[in-house]
Structures are given as structure tokens and as C-alpha cells.
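Got a structure for you, questions after.
To keep things simple, chains are lettered A, B, C, D, E and F as they appear, and every chain counts its residues starting from 1.
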Amino acid sequence: MSSKKGKKKSSDEEKKEEFIRIDGRKPDEMRPYKIRAHILRNADGSAEIRLGGNWIIAAVYGPKEHFPKFEISQDKAILNCRYHMTPYSTTERKSPKPSRREIELSKVIKNALEQAVVLEEFPEMSIDVYMEVAQAEGSTRVASVTAAAVALADAGIPMRDLVVGCSAGKVNGHIILDVGEEEDKEGEADLPIAIMPNLRKVVLLQMDGKLTHEEFKEAFDLALKGAMELYEEQVRALTSILKDMEVIEEGVKDEKE
Amino acid sequence: MKKNNFKKKTLKEILMANNILKFIKENRRLDGRGFLDYRDLRIETGVIKKAYGSARVELGDTIVIVGVQFELGTPFPDSPDKGILLTEGEVLPTASFSAEAGPPSEEEIEISRVVDRSIRESEMVDLSKLVIKPGESVLKMFIDFNIFNDDGNIIDAAVIGVVSALLTGEMPDPEYVKEHLEELPPNNLTSVPRIPIPTQDFPIANTIALIDNKFIVDPTFAEEMVSEARITITHTVNNEICAIQLIQGGLGYEQVFEVLNISLDKSIEIRNRIRELLGLGGD
Amino acid sequence: MSSKKGKKKSSDEEKKEEFIRIDGRKPDEMRPYKIRAHILRNADGSAEIRLGGNWIIAAVYGPKEHFPKFEISQDKAILNCRYHMTPYSTTERKSPKPSRREIELSKVIKNALEQAVVLEEFPEMSIDVYMEVAQAEGSTRVASVTAAAVALADAGIPMRDLVVGCSAGKVNGHIILDVGEEEDKEGEADLPIAIMPNLRKVVLLQMDGKLTHEEFKEAFDLALKGAMELYEEQVRALTSILKDMEVIEEGVKDEKE
Amino acid sequence: MKKNNFKKKTLKEILMANNILKFIKENRRLDGRGFLDYRDLRIETGVIKKAYGSARVELGDTIVIVGVQFELGTPFPDSPDKGILLTEGEVLPTASFSAEAGPPSEEEIEISRVVDRSIRESEMVDLSKLVIKPGESVLKMFIDFNIFNDDGNIIDAAVIGVVSALLTGEMPDPEYVKEHLEELPPNNLTSVPRIPIPTQDFPIANTIALIDNKFIVDPTFAEEMVSEARITITHTVNNEICAIQLIQGGLGYEQVFEVLNISLDKSIEIRNRIRELLGLGGD
Amino acid sequence: MSSKKGKKKSSDEEKKEEFIRIDGRKPDEMRPYKIRAHILRNADGSAEIRLGGNWIIAAVYGPKEHFPKFEISQDKAILNCRYHMTPYSTTERKSPKPSRREIELSKVIKNALEQAVVLEEFPEMSIDVYMEVAQAEGSTRVASVTAAAVALADAGIPMRDLVVGCSAGKVNGHIILDVGEEEDKEGEADLPIAIMPNLRKVVLLQMDGKLTHEEFKEAFDLALKGAMELYEEQVRALTSILKDMEVIEEGVKDEKE
Amino acid sequence: MKKNNFKKKTLKEILMANNILKFIKENRRLDGRGFLDYRDLRIETGVIKKAYGSARVELGDTIVIVGVQFELGTPFPDSPDKGILLTEGEVLPTASFSAEAGPPSEEEIEISRVVDRSIRESEMVDLSKLVIKPGESVLKMFIDFNIFNDDGNIIDAAVIGVVSALLTGEMPDPEYVKEHLEELPPNNLTSVPRIPIPTQDFPIANTIALIDNKFIVDPTFAEEMVSEARITITHTVNNEICAIQLIQGGLGYEQVFEVLNISLDKSIEIRNRIRELLGLGGD
């Protein structure tokens, strides 16, 4: 596949050079991004992602005893996920009550994270993952899962791999990386994915719009490329925190005792 | 929260699950099908006389009923020249020991939304033909599907049901409504002459499950219980992909392209089977 | 009472001969009907009824352990009933959320079935009865309870008697059997009943509209007559299934093992 | 889910239940009444000054308060020349150890709907007199009743309360509203002159319980707990039946006619008692 | 504080003499009031208050076993409170569903009563307090808590003190006692309080509108005065009931046995 | 129902609670602050580009984000010449081990309503300037705040966030809307020029907790857990009281005046601190 991809891309790249996107980006260019881990004091793990105008805050609580008892899973932890948009995250005010869309996205994100978290280590317990979209600007679901994975790692929860997401799409006939809000509305297709980058597994995959099989391949490879780029940012965020960790923990002790 | 059935079902299902794995390892399926075979498909249209379009689909033992209804509505501000399409589905509590009455579960919401996207993104219904007065009055189209018995692969069966109902259904003539808007009784379109629903595509959804690292199509309820991954792909009549949903588990990068190819083949096959069953001419 | 009824009816019958109903029926004529048992593969018992344009599917799950525990009844099973209309069952789309009407009908149907099911045999358990109206055309509640009783019998649940329902009403001054949708809307009264036909007990009885005591008697007797007619169809449906049963069960085994 | 009252009520009720059965077998009632006797009835009308009509009814220890209110509304499309009538009731959590706060239970919904049908089907309120502009504007009438203490026979007490509130209540004059529609403050009818509520019937609901195969009227809470069957029948002022609800259990065919006859007698008796209490002239 | 209050009041009183309120009251005049205890047969305790046009009925059930079990408090009883307005209690019909306002008031009333009830005597149990506003005419929350305290005492539940509430406010520049409905709508401030009169503790305190610190003092003292007046009515209501109690209880026995 | 966190939090909190009491008895606070000291305050405005006004506030480890949005609306019948102001807040489930997803708890509703009253009763926003056409069309202003991390004293932090968002925020120019009402796309104000939000006050809420009969301001989550009483008082820029809420426990009569005096001092201090942080001129 990689060789085919190579060929494909080089020919596509010519086209792409000409196409300038609504926000001035090149077709295969990500928006600016920044991930910070360990940003909330109370959560067992937390992270924040900024991806263009997206701003998402993720928090993890657990593992912890699960209530009510009769729902307990005997052989592994239950993973609860909530993807939620704040009222001011969209141009028109969003009701704080979860919409059907938010419930669906919570479900597909849960599936993605379940592939990575070693749930078997915590039978009868539960782990809660909360993603709050403070500002939305396209591709929030993949940004959310990316932040959530960092928050899980920050919580010290054992994982087989990180999970990192990115989107590709089609706008005015061009395959593009990291679909922005306007591009999602006006474009021809949206392809959000999330992967376990080291295990080389797709754990979130959705598509809207219309793509030929050829276009899909191009978009999928582009999204993979973007995800790998964001993965490095995840690692950077976690590494910088690991270094600070002991210092902070000591600081907390000093402050509180 | 799933209900537990004390009697025998869970035990039966567990035993069946073991069998399924054993069979798949031996490259067989419990019901004798090949890995890429669909179960028997039966379609009956026009089953709900009160609906503008309807279908009852049996895919093996999975049973779905679809009804299409119309109301007058106001278009969305950002698409004043388009009718409104709403697709909703429920897995009725009759469908299996684990189905529940009550507000839709997250699984039901996902199913509804995947079926909705399959229809909407394919642009099967030409919504521009549902306009009565741009920006003011349009037809609002409700597509409701219900799973009466769930023996797996609900989404494929539901999409088959919806396209069958749309291809054979009718709608109130918007031209007539426009000319007689004043005289019509409020929100009552029963007296309006009907025309066929304006369709321009024929999407087919195909769900593929991964068991013991092998791909099978049209999984049964029991096969879904043991599958490692499950994905639904919808193709348009022009063999474009118009919806994908990884419903469960994960896939290797190469596996993604494998399932795309399988689903493309299957979409053509199922589309033709529907054409036959509905007595529609082929391409 | 039967002698009075006899007299009454003969005099009424003259009137009835003249009155032709909106769908061409005679006053004491049922719409065409058909009951089929054992129509759903997963349910422990199931049945379908068609009565004119009505199409109702009933399923039974149980007896089974009841959750949550603190609701358990120590001396008998809990019977849950849900009468529900699908969105496309009515001319105007019906919201799938249960209406107050559906909740009331679920309750009176539950009462009717509770009289027949030997709940004492299954302490601490529950039995679920679901009735889904796929198409409604008047008198759905009595058709639903009729199908539900067949589904319970199909599930092998011990019953004191079957339960069978039928309606009578008054339209343009005439007492009529088996009220259709238009007749319900335009008519003067609607009297749905359900009985245990062998125990000669009324277990569902409601009335809307206005009837003199005389008219009530006439309508009640007519509804009884209709119920007895439908009871024969219940028995026919169950007998035909009992004959097929072993064959099918064997078939299932062959297919699944 | 019913709450359990640890202190004494449940025990007390159980003991009482045994007594009730014993007494009924001896053709007596625990409170000394005959089988076909109602408890003391007290009615106070106009108790809610903010409502257009209101009543507080005590039937033995059962206490119900009814309020009638009006708003402007749009008629239903299928009855453009009729006002709107909505009857709703709740058993307040003050009413008994088993009553609950929260959304109405199925029992409460049944009670509401039986009371509603008793009023609606009798056509007690002449809804054609609630029209301001046919098809456009009508009076919307809310009848709300609340059970503050439940000592049984809620429905009879509630219907007594509703008819008392209607017979003594007022409504905004639709003629006046019609003429001053422009000047009226939005959805504020307080300044509109009032006229009596246009009533044309006087329905009475009677609930009969079967205990030890004997019929008793006006059952108490404890009697309801041990009854084998319970049925409510509503009669119009012309002795027609206008609503029946078999609330619990089953009846033999002949028993149906027995309860109809009992309820007819009782409806006449109670209607007269209300007339007396409200100081209305007889027929 | 009391000396300051004394000075203040005397100077204010001159002003007050001139100001006649919308319902003819003097600034420091309560509306007519009446409390009756033990008015509902089923409740373990009950009371009714009339304060001007307000009519509120309170009922207490408990102490009793608490469900569900996992919510139980090991060291004391749980106090449930519901303040609720009936649909006909307001000029415009109120939906029976609790509003956000009703939920907030239930919470502050619960806090007030929790200060007085000796919850420690009933570990693992719960006590339910229901306040139903049959007619509202301003200051319903303080009237409700006043009735609820009497109902708790009537239920024989051990209390450290009664709780009694009253409001003060500012209308047309004048500080007034016991704010009526019109005064609440048109006035400049509303100050509802509830106290434990013997322990001299404020257990409910809210304020809306604008008051200077000086005005607050005047209003607070006035509300205290009103509360002490209502406290006497509480005592009167309870005493009269205590006297009747044995007679009634005997009567119940006679009637029911 | 509160969730329990099995790991360490509850235990940690309990230990901390003991410490807090011990420290307070010794006239110290666990974090070294004086009883009447606020924690560090950080304010960032304009953090939500999609909102008309926004702020992110950190008060110690308590984090709140506020967004202000506008829509077209119809005024309430009893105030035809005023815009509409709605303040709502949620404690997000990210905020602490005891915060929950789902409908707002009674504590969250109380917090929302106290913040709303602080803004509303101070008349900080001149709602008369939000009118487009009296009685017909006004601007509807949504203020939403969310607690992302709860280390206590949510109300003070939220009010700081709201006033910061309002003082630095903008709104669609009602004059422009009035003149271009016909041309504007339905319910889309993005093209409308903006003007500053018309503010006329600067309310500050101060929460004071009573622990071991001593008053402390700006309590932490752990301090709130052991407080005997807690009260919030909001002052206007003219040192009037505009909102009080006794949130928990009880106070002696004299203590009421004590907390009023403390809160007045603190309101002036915090108001000045906000002015500094936002770079606004002093009084």
C-alpha cells in the first residue's frame, strides 16, 4: 500500500500546489495545533487540545468503583465516554442537553478508546472520560479523541497504544487534510479517522459525503499522515509533563500539608 | 443496561458463540452460508396503507418495517430551497431479549444516524423537488423504521427497507399544494393528489464483521456477539462511497481497503437483488 | 339476561338490516381478521393480528429474573405491558415517545392479562408483553390484547383462560360491532371490552360517548358475540402452531447446531 | 416503585385489610356504612381566588382541590368552532405514604383520563361557546385537580370537584374578547368581564368495588387495597352512561349490569346531594 | 445591635406612618394569617398556612426506611423537601412539572429545616417534607417553611427549635414587612428569611433587588419581628392540636375498629 | 447520587478536612492564606472567538469559562421595552470527582440562579438598550458559564467571569438590526456590526464560609466540605446589596451583619483587582 500511496501522492501533489484553501492552507496542511497535558487539578488525568479554532478539554476520573453494582462487568472495567459541546462553542447557542449527534460521537469515541485501554486490569471498576468542546471549528471528534487519549495516559491508566485522530475531506474536487468548519459545511466529503499509531489500527472511521474509492485512498492516507503528525505532539505533551510531574507532585504536597 | 433473560437465551447464545468461533476457524458458518453470502431477502412494499411509502423487509430472521410520511414544514434557514428529510429508527422491545422499551439507547441512535446518512449523503431523494414556496413552505418527509426481530445486520436491512419504500412510494404533489394552499385543511394533505417520490440514487449499505481475522458479510445476532470488528459502508448507484461507520472494534490499515472492496461488490449484488424483488428494470 | 337479549336482538335486527355502515358492513359484522402465532424468532412467544386495517404484532419475553431486585414481588411474577404505536401507524406521524393515551391503554391491558396469567407460578420473576401497532384503524386496544394473549400462550406461559377483545359502538343511532376508525371519530359511542371466554369474565371494559342502559346492553352483547368469534380464530392460530411446533423446533436445532 | 413507610402504616394497613374482609363477610363495613352508602360529602367552592372556578371537596377523608383557568388558544384543525378543554390531575405526594413526587404514574394518568372523559363525553361544557374567532382564536380551558389526601375513591371525588367548580365558576366573556382583541395585553385576560361557564350537563362518576363478591360503593383506601375488582361509571343528567372504566380485576357478565344499575341510582343521589350543597335548584 | 435597631426604628416609624401600602397595610403590618396543624389524615404530620392570599399545605412522611439502599446516610436521616406550586396557584396556569425556581426553593428550604431537625436520631432513614402551594400571593417560600416546621412537629419528629419565616422588602423607598405579590413585582427589594426563634439563628436568607446596608438592617429587623409574630401562631396551632390529639386518636380508633 | 472515587480522593479529602479544621483552630489556613484573603485571580477575556463576549477565570484552581451570545427574540409581555437576559451554568463532569454528567442537580440550579440574580438585580446590563422594536423584537442575551475545575467558591469565580465577559464583550447593533431587519438572513446576526455591551453596574459576589465559628472568604473545595455555614452576598458598584443567598447552614443574627461587612470590603477589593487585570480605568 505504501508504494501505491507514494505514487499517488506525488501526482496529487502537483494539483494540490495550485489549490489554496479558504483559510489559506495548502491541501495537505494541518491547522496550527497544541496539546497540553495535566491542566486540571482535580481530574486523575487531563489534557487540552487546540487545533485551529477548536479548543477541547478532556478529563479522566478512575479507575474507581462502579455504581450501581448490577451493571458491573466481571472481567474488565467499564469505560464511560462523554463528548459534549458547551453552549458557546458554536455560533448559534447550543442547548447544554446532549443532542443525538453528541450521543453518537460519544459512542464511536468510546469504541476507539476501548481498543487502547487495558480494561482487563480493572475488573468491576469504571473509568470516566469527559471531553468538553469549549470552541468548535470543524473536526472536533478527532481532536476530542486525541485529547482524551492524552488525558488517559496522564491518569496513568495502562494503554496498549495512544489513540490519535485526524480528518481528511474533499472540497471543490480536492482532497484536503484536517477539515475546517467551513470546509465541512461546503465540502463534498468528510472523513474523520482515529488510529493506534504503533499498532497500525484504525479505531474510529466515519465518512460523510461522496468519495470514489480512489479518492478515499488518497484521503485516508492524508488523514493517516496528519494523525502521525499529531501523535508527535501527543508524545511531546506527555513527555514535558512527565518531566514536570515529580516537581508538581512535590509542590502539591508542600502546599497542602 | 441490558435485561438478562433467565430462561435459556443467554446460555444458548453463549453456546452458539462458541460454535460460531469454532465454525469460522474451520472456514464455515453456522447456518451453512459462505463468508460473503447474504441471507435470504424478502421485500414487501406498500404494507402500511396509511403511509405514503412503506416496506417490510426480512433479511434472514431480521425483520424491519419502514414507513414514509409527509407534512408541511418550514425549510431550514440555511437551505430555503430544499425540503426536509428526517430518518429515525428504533429497535422495538419485541426484537430480542436485550432490546428495551424506553428512550433510544446510544446504539439505536447510532443505527438511526447511519441509516439517515446513507440516504441523505447519497442524495437519493431530490429534496429540491419538495419545495412548495422557497424559504417558506416545503414538504417535510419522515422516514421511520422499526426493527421487529433482530437477528443481526439491522443497518443493511433498514437501508434496504428505506430504499424499497422510497422507490415504490408516493408523495403529495407540491405543485398542487402550492396552487391550493389556501383551500387545504390545516396540516392535512390527504386530499392532495400524489406523485412518485423523486429519487435520483439507490444507496446500499453493507455491514462486514471480522471474526477470527476473517471477514464475513451480513452477520447474524450471534455473529455480532463474537465479532472483533464491524463496519458499515454505503455505496451510491455510481459506486461512490457515501457513508462509512466503524461500529465496533478496530481494523488494520490494509483491512480498511479489503472491506471497501468487499462492500462494493456486495452493494452491486444487493442492489440488483432489490431491483428484481421490486420488479424494477435493471440499469 | 340471555332471554332478554334474544328478544332485543330480534327486534333490533330489523333495524340493522337497513343500516349499511361506512365501509359497507352490516351492523353486526366484523371486519376481516386473521391471527398468526409464533411469528418472531427471538421472542419467547409472539403473535400478529390483522383486523380490517389494523396490524398489531405482540411479543412476550419471560418469565425471567426481575431487575432491579428491590422491585421484586415475593409471591408472584410482575407482568409488564407496553401498548405502543409506531410513527407510521397513523395518518399524521406519531412521535415514538409513549403518549398519555398509550400509557393508559398499557395499564388497562395489563390488568386484563393479569386476570388470566397464572403469575403465582413465577415468584420473583417478570414477564414482558409488548404490543406494537404497525397500522391503526380503530379498536386497536382490543385487537392488541387479543394478540398478546396468543403470544402468551405461544410462550407456553400457564393461563387460566385466553383473553379476547372486541368493540361495539353507536353510529348514527345504530349499535354496531367492531368499531372502525371513521366510526370511532364520527360515532356516538365506543365500547371496547375484553373477556376470558371460558370463565365468562369481563377483564377490560371502557366506554366513551353516550349510551342509554338499553343501548349499552345491546352493544355489550354484540361485543361479546364478536369476542367469541375472535376467540375461535385465536384457538385456530394456536392449534395450527402447536401442530407445526415440533417440526419447527427440530428445524431450529438442525439449522443451529 | 412504591415507597415503604417503615413506621407503622404498612402494618396498620395490612391489619386493616384483614379486618375489612372479615367485616364484609359479615355484611358490615369497618366504618359502619352500608354497602351502598357514600361517606360524608363536603364541598366548598371559590376557594382559589386566582382561578375562574374552584372547589375543595372532602369525601370522607379524601381531599381534592380543583381549579379552572382560561387562556387564549388556537382551535384544533379538526374542530375550528370549538374551544379547548384540558383536564389533568395529580395525586400529590402529601396524599398517602404510597404517593410519589415526580412524573405522573400510570395510575395517575388513568385517573386523569377517566375524569377528563367523564366531563368531555358528557359534553358538560358547551365548547362552542368558547369560540372567539372560528378557526383562529378560542378560549382554552384548563381543569386541574389535585388529591391532597387519598382515602380512596379519588375519581368520584375529583368529578364532584370538577362539576362543582364548573357550575359555580366563571369565564372571560368571549364576545368582549372578540371586540377588544387588539387592545388586550398579550395573553392576559384579567381585565375581561366574566360570564358563567356555559354548562349543559351534570355528570356524576360512581366507583364500585367488589370485595368477597359483594359490591360496595365509595371504597376507602383500605377497601381498595383488598378489592377484587373496581369499576367507575359516569352518568349524564339524562341517565345515559358517558364513561366506563374497569380499573382493576374482572367482572362476570351479569355483574356488569349489576354495577350499572347501582351506579345509576348512586349518580342521581350524589347529583342531588351536590345540588343541595351548592344551593342550586333541583331539576 | 438591639440598641441601634431601637433608635433606627423610632425614626423610621414616623416615615412609615405616612406610607399606606397597595393593600392598605401599614409598612410594618403583616397580612392576616392562620396556621392549622394536623389537617391531613394520612400524613405522619401536616399543617396548613394562610397568609393573606397564600394557602399552603405541608405534609411529612417518615422517618422511614430509605430507598434505594446505596443512597443511605450512615449517621443521620436524609431530609427530602419539595416545594411545589399547583397549576391553579398562579394567575397564569403553571405547568405541574417543577420549575428551576421550585427546585432552588426546595433546596434552600431543605437547608433551613435540616438545621432544626435532629437527623442524627434516625440513621439510614429518610424524612419527606412536601409543601404544596394551593394559592400564591407573594412570600410563599417563607410561608411554606413555616408550615413545614409545624408539620414536622406534628409528626412528632424531634427538633432543636421550630423554624419560622417571614419576608421584608422595599417598595417606593419604604421598608415594608411581609411582601405581597404586587409589592414583590413592583418593589425594589425582597428579603425572605427564616429563623430558629429560640436559638436565634437565621437558616434561610435570600435577597433580590437593591438595598443599602442601612436599609438591609431595617428590613432584616422587620422580618425578624414578623417571624416572631408568626412563631406565636405556630405555637398556638401546635398547642391546640396537642390538646385535641388524644381525643382525635381515640376517635380514630373508635371509628376504625 | 454522588459518584465515589475509589482511588484516593475521598480519603485524601477526609484527611484534608481534618487538617483544615486543625489549621483553622490555630487561626491558619492550609494554603497559607489569611482568613480574609482571596486566592490568586487570573482573567483572560475574548477566549471564545465565536462568542460576543467571553472570559476564562482562574481563582486558585477553580476554572470557569463564560460565553455571551445573542439571538433575536420576542420580549416578555410584561416588559415589552426590555431585552431578554438568560444566565445558565453547569458544573462540568471534568470539574471534580463528585460532579456528574446529566441534568443539572439542585446545587447547580442554585448556583446558576444566584449568578443570574447577581447580574440581573444589579441591572448591570441596560436591557432597555437591547430593544429592536418594542413589544415585538429584542435581543436575547445568553450568558453561559461552565466550571471546568472546581476547587471551591464557584459563584464568586463565575460572577467574575460574567462581568469580565460583559465589560469586554460586544453585541449586535440594535439600530442596525432595526434598519436592516428585512434583509438579514433569518436568525443570523453574524453580519451585523457590533457595539459594546451597554453596562451600567459592576456587581461582585463574595462567598464567606463559617468554620469553627470563624469567617473565611473564598473557600476551597475542601474548606466547603467542612464549613458550618456558607453565604454569598453580591454588592453593586455603589455598595448596595443586590443579592444574598444563604447556601448552607445557619448564622446568628449578629453574624449576618458581620458577613455583610466583610463582603462589602471584599467586593471593593475584587472589583479593583478585576479593573486592573482587564486594564480598565478605576472609578
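Throughout what follows, a residue touches a chain if its C-beta (ideal position, glycine included) is under 8 Å from a C-beta of that chain, and two chains touch if they have at least 3 such contacts.
Keep in mind that this is a model prediction, so the values were computed, not measured.
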| item | value |
| --- | --- |
| Steps needed, at minimum, to go from chain B to chain D via contacts | 1 |
| Pair from C-D, B-C or A-B with over half of its contact pairs in common with D-E | B-C |
| Reference chain D; chain at largest CA-centroid distance | A |
| Euclidean distance of C-alpha centroids - chain A vs chain F, Å | 31 |
| Centre distance in Å when chain B and chain F are each reduced to the mean of their C-alpha atoms | 47 |
| Distance from the mean Cα position of chain F to that of chain E, given in whole angstrom | 29 |
| Inter-centroid spacing, chain E versus chain B (mean Cα positions, whole Å) | 58 |
| Touching two or more other chains - residue numbers and ranges from chain F | 1, 187 |
| Contacts with two or more other chains, residues of chain E listed in rising order | 67-68, 70 |
| Complex interface listing, chain B residues touching chain F | 77 |
| Contact set on chain A toward chain F in their complex | 40-44, 46, 53, 55, 57-59, 61-65, 67, 82, 84, 86-93, 96-97, 125, 128, 130, 132, 134-136, 255-257 |
| Residue ranges of chain F in contact with chain A within the complex | 1, 3-7, 16, 19, 30-32, 47-51, 54, 61, 63, 65-69, 71, 88, 90, 92-97, 101, 103, 142, 144, 146, 148-151, 187, 190, 221 |
| Residues of chain A touching chain B in the complex | 1, 70-71, 100-101, 103-104, 106-108, 111-112, 115, 191, 196, 200-213, 216-217, 220, 224 |
| Complex interface listing, chain D residues touching chain F | 185-188 |
